[in-house]
Amino acid sequence: MHDLRFTIPAEELNREPFARTSPDFGKKSELMVTDHGYKCRITNIVPLSEQERLFQLRIVDPRERAMFTFRPGQFLMLEVPGYGEAPISISSATSNREFIELCIRKAGHVTSALFEARQGALVAVRGPFGTSFPMESMQEHDVLLIAGGLGIAPLRAPLFWINDHRDHYRNVSFLYGAKEPSQMLFTYQFEEWKTVSHIDLHTIVEKPDDQWTGRTGMITSLFDDITIDPKNTWAIVCGPPVMFKFVCTHLDKLGIPMNRMFVSLERRMHCGMGKCCRCMVGSTFTCLDGPVFDYWSVINLKEAI
Amino acid sequence: MIYKVISKPEFRAFVDALVRANTSYGPRQVDTGRNGEPIYQFMPVSSADEIAFDYTVTASSAKHLLMPFREELSKFSFRDGNWSQEVSYDAPPIVLFGLRPCDINAINLLDEVMLKGPYPSPYYLARRKNTFIIGMDHLPLPDCFCKSMNRHTTDHGFNLFASDIGEKYFLSINSSKAFNFLKEFETADPTYEDDCLLIERRKTIKQSFQTNVEVTGLPMFLDLEFDSPIWEKWGDKCLNCGTCAMVCPTCYCYNVEEHVETGLGSSSREKRLYSCNLVDFAEVTGGHNFRPKNGDRLKYRYYHHYRGFAVNDNQQICVGCNRCGRACLAGINPKDVINDLRLEKESCMTCVSPSPQKS
Amino acid sequence: MNHLGFDIEKLKIGSFDFTCCEGCQLQLANKESTLPEFLALLDIRNFREISSERLDDYDIALVEGSITRQDEVERLKAIRAQAKVLVAYGTCACFGGMNAQKNKFPKEECIRTVYGDKQIDTMQESHKISDFVTVDYSIPGCPVNKEEVERIVVSIATRSPIALPKYPVCVECKQRLNTCLFDLGEVCLGPISRAGCDAVCPSGKTVCLGCRGPADGINYDSFVQLVKDKELSTDEMNEKLAFYNGFTEYLNHEG
Amino acid sequence: MKVDFNIDIHHLPRVEGHGDIRISVKDGKLADAKWAVVETPRFFEVMVKGLSAERVPFLTSRICGICSISHSLASIRSLERAMQITPPETARIIRLLAMHGETLQSHALHLFFLAAPDFAGTPSAVPLLQSHPEVVEAGLMLKELGNELSIATTGRATHPVSLVLGGVSKAPSKQRLAEIKQMIADRKPMLDKATEFFKTLTIPDFVRETEFISLYDGESYPYIGGDLVTTDGVRRDENDYLAMTNEYTVDFSTSKFTKVSRESSAAGALARFNNNYDLLHPQAKAAAEAFGLKPVCHNPFMNNVAQLVECHHLVADAEEIIDRLLDDDLKDIKADYKPRAGAATGAVEAPRGVLYHYMETDESGKVVKGDCIIPTTQNNANIHYDLHALAEQSLAQGKSEKEVEKLCEMLVRSYDPCISCSVH
């Protein structure tokens, strides 16, 4: 009893006036990142600690590689085909158009699979997503970078940026704390940062071992080692939520305006595009409006810390 | 929009022709409840006889037809140490019959969320565009509160909308396709009398609401009440069962999971609708849970529904269908929770605000 | 599938049964459409139910059934000693299963009722295997859901971590558009039982009896309240909670 | 030739449950042959005590993972008879279809995966995947068909969810039924292919006269309920099940032994065939003819063939049942009932033979007494005496230890014993 006169052909329905005009599926800028990833080869894997490794990725397709740009503080969705996706901060220099570096801790599904992967493995990235640190606004000012533990991962991009434009910034200090000396990452780059980039680097650990000769304690005690000019300082703080709460309150007391302090928030994420709602903080998406927030926004967000 | 009237038998014939020719979904009675009440769901239908034209409300919304509970987002095929990714947004055309105004409004809200912003969802778009929607008005149930949410009428988001004006339906035709189909059936231009009947009908519907939920100023209340003990009170009841989000026409949070097929030849990235009430919704790797308590999670659902998110201009996304309230086994429903919240605030206002007696 | 640079090796597997109905092992042979692919992932070293070959160099042991006799404990320990990964396979192994319904009767009464004066060796209680050995993973279900088993086996083969859903059965039940059995006047354990079965019982219009045990972070008190509020029988609820022995800690805590 | 040897097969493989074969030969003569069941008992008869009747089928279905539908239905039948509940006709035929699904699944599993390796000389069916892929595939397709029938009618392949007191809680959808009907049509050729394959196998020549017991109602090939009959001419009411079993315990087995008129009796596909040949579907009769199988056949190895013949019957009958269901509105599927005191037996033909559940309820609908007698239990004695006779015959024929061992294993397996079930 099918009467073909009443059958709805899909193309016709598409033209109904109320339906939104269809986005151009071929246009990468608009839609590709919603589901397609750029295929990448893992070109190098550097062990950093027992739980963390630095993965160097190279986008396989030269056109896509040329198209991929990002800003310090942004993240991407790393896809390990067969295992899933995870949001990861981009840890390399924005000027490095050849490789993407990701500093990853082995934690769950995707990251464990990645730790099984060998050099040459093929993965994918989607993005970049999210907000970034306002590096331009910080020019001609002092910059204070503060990282705890894995928080150094999103801080490397601004570090490299400053290095690339060192003349535009005044005093740059970097305070870095870790639980144990063995968990301190990128120690091999410390000398270079100090001598070549002229960054005032201070490190501290909570639990020293026999070899450790440096400072011991919480990261806030490093503030005693540096002089801060609150009127002229911008700060970037990355680390576990407890840490940036302490640090930011301290900086606030010193008189650094809240809108010149930046933090990178971490939340569970499944899409990176403001759809899955997993990364909501209050009524804000960490993936769209963050992960980089100024401290003023953070204290105004419900349940941010 | 073009308006017509159609006799009830003729409308039925029209619906019959349409659902016979297409993959269609409409309200059907699926069960009889404990107290003899019929229970309806949107189910596949293949003739007008299977449709419950005079249904009240379906237990679950029709959102899964636009946003399936499980949907494949992408597929990876593995070969020779390499992989390739396929993504497809195909959606076969479907007819969705019998949506209530609140349900249509819910879809309009989903449109906002899914199709606006920097990353419109092609999956949703494909389905949305290939869905032919016929709406129908109805008299509210005692616990419907869509009027409070101002979602009890709708003027867009459907292809055709039928209002019951007694002997006839008053049709609002919002698409050329619907208009063309109707050409084959006997319709008439509405007379003055028909217009009056429609206005009368709207009035009756409007006046039939028995439940009112006061939502003015609610967004601010929610902000102020963020640390209120009422969340713990209601949270202590909540079973974390996610039922409310599954039946709700506007809950859209999801999980993405990827699984390798048994043959190891491919894997599929799948989207699964989730609920913010589920225990691990905000749990991150390593075990830290940003919303560890039931109350935190319940609050969050209300926050999303009645405060709104930036992404959809902080609009309240609840349409007032009360499906969640009816389905919740713990007896949690928007009306009681919001009233509680207001009571709390108002009682608090009276004690701080300087009152004539006190001064 | 070797795009990550490692080849996937067959899993050397052994399947063992203790006191049970062997229904869970039978699931290994079900879902015939993917059976050849599934078997291709496995190097079956020891599986009495389907093969007379018995080799003791397995890495992964699927252990089905509960423990009700002392000689089973020894056998189980020997399996644990050999296996790199020991999986509690099915509700009996995970919780003691419905076999534990005999626990409420003295064992002498059990023996007398069934065997008269004949001497029979049995323990007073039906035990879950984790009472005797360390369990690496649990796959609950009476019987296990083959789809989940396949997924877990694939996960082990592809070196991916394994996780069961943390949420309760209601989520899956609602996704299947079932009428809630509470609306039909029955006590269903869906709100507190772990999902992963695709709500198979409520979809067949019979109540969930909690064969997969409690979900994470359940609200037991609210559940009991719900049964009372709906004026349904708490005796019936308790009978259901005791059915698969998965809720003992809650039942005991109640009374 | 004077030989001494002991055959001690511990936990016989490729059968459900744990059973041992123990044979000792002294001076070329059989000294002892035993069929010893060592399965751990679970005490179901105790567990049902105090349980609500409606929960009982969900418990008893766990007696066996292979024939859970039979157990569930045996309990349901006994409780319905005890509480005087009459299930609607639609529910009755849905249940029958469920039984067909289970029997088909079980027979296919046994024939292709447990028994076939014996004939092919491989340790399991896995090597057969290489040597006889088309046979294994046919087996899988038939087993899947059985499972699909069970899933459509009861919600799941193992441990049914929608078989309940009073009827069924949910009817299969017409769409699903139509799909399965198509599936049957598509897979019938597989059955013929399988038949061809089994015709090429040599069935050992061995006969020991015994008494075959099964259900019988004179109208249709039996599956749910009916009178109890034997090939020795006994006929009794379902409730007289004790007279048909006469359970007794032996010291070497945790499973009991039974008998009717002789020292042992047998149940199962061959017994059903022997008692109900006339009621078989013509297609099944034709298959029996092809194997030269006629009632009354006393070769236990022919049980495999009887199972195959039954597969033909099940598939043809399922097709007819589905047609009836497609014409039905599938609305009247469950009778209302009030709990009451009563007692009755429910007998069904499980894949391995007649299965009895006896239940007594009090007025609140709680079970006060339960008894289950399992087909394999009824075959234990027969297996035991068969082993004896077979070992003797083989020794007389001068067979070696290896050959005797293999034949004995095959013999036990051809009964398709379900041991954990028999101990329960």
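Should a chain be cited, it is by its letter among A, B, C and D, assigned in written order, with residues numbered from 1 in that chain.
Quick note on the criterion: a residue touches a chain if its C-beta (ideal position, glycine included) is under 8 Å from a C-beta of that chain, and two chains touch if they have at least 3 such contacts.
Predicted, not measured: the structure shown is a model, and the values here were computed from it.
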Exercise. Determine which of the two chain pairs, A-C or C-D, is joined by the larger number of C-beta pairs in contact.
Key: C-D
Quiz prompt | Most central chain, Cα average position | solution = C
Practice problem: Averaged over CA atoms, how far is the centre of chain A from the centre of chain C? Could you give it in whole Å? | Solution: 42
Exercise. Using mean C-alpha positions as chain centres, tell me how far chain C is from chain D in Å, no decimals.
Key: 25
Quiz prompt | Length of the line joining the C-alpha centres of chain B and chain D, rounded to whole Å | solution = 51
Practice problem: For chain B and chain C, let me know how many angstrom lie between their CA-based centres, rounded off. | Solution: 37
Quiz item: Multi-chain contacts in chain B: which residues touch at least two other chains?
Solution: 78, 81-83, 260
Self-check item: Multi-partner residues of chain C (at least 2 other chains)
Solution: 1, 3, 5, 158, 160
Self-check item: chain D residues counted as touching two or more neighbouring chains
Solution: none
Quiz item: If you go through all the chains, which pairs of them touch?
Solution: A-B, A-C, B-C, C-D
Quiz item: Can you list the chain A residues touching chain B in their complex?
Solution: 1-10, 12-14, 16-20, 22-23, 25, 31, 33-37, 39, 81-85, 107-108, 111, 122, 124, 266-268, 270-271, 273-278, 280, 282-285, 288-289, 302-303
Self-check item: Complex interface listing, chain D residues touching chain C
Solution: 11, 13-17, 40-43, 45-47, 49, 51-52, 55, 58-59, 62-66, 68, 109, 113-114, 117, 123-126, 129, 140-141, 143-144, 147, 154-162, 164, 169-170, 249, 251, 254, 420-421
Quiz prompt | Touching residues (chain side chain C, partner chain B) in the complex | solution = 1-3, 5, 8, 34, 37-38, 40-41, 150-151, 154, 157-158, 160, 166-168, 170-171, 174-175, 177, 179-180, 182-185, 190-192, 215-219, 221-223, 225-226, 229
Quiz item: Can you list the chain B residues touching chain A in their complex?
Solution: 17-18, 20-22, 73-74, 76, 78, 81-83, 85, 87, 89, 91-93, 95, 111, 113-115, 117-122, 125, 128-132, 156-157, 159, 174-177, 181, 184, 223, 226, 252-258, 260, 267, 269, 274, 276, 281-286, 290-291, 296, 300, 303-304, 307-311, 314
Exercise. Going by the contact rule at the top, pick out the chain B residues touching chain C in the complex.
Key: 30-31, 33-34, 39, 41, 43, 59-60, 64, 69-70, 78, 81-83, 236-243, 246-247, 259-265, 273, 275, 278-280, 294, 327, 329-331
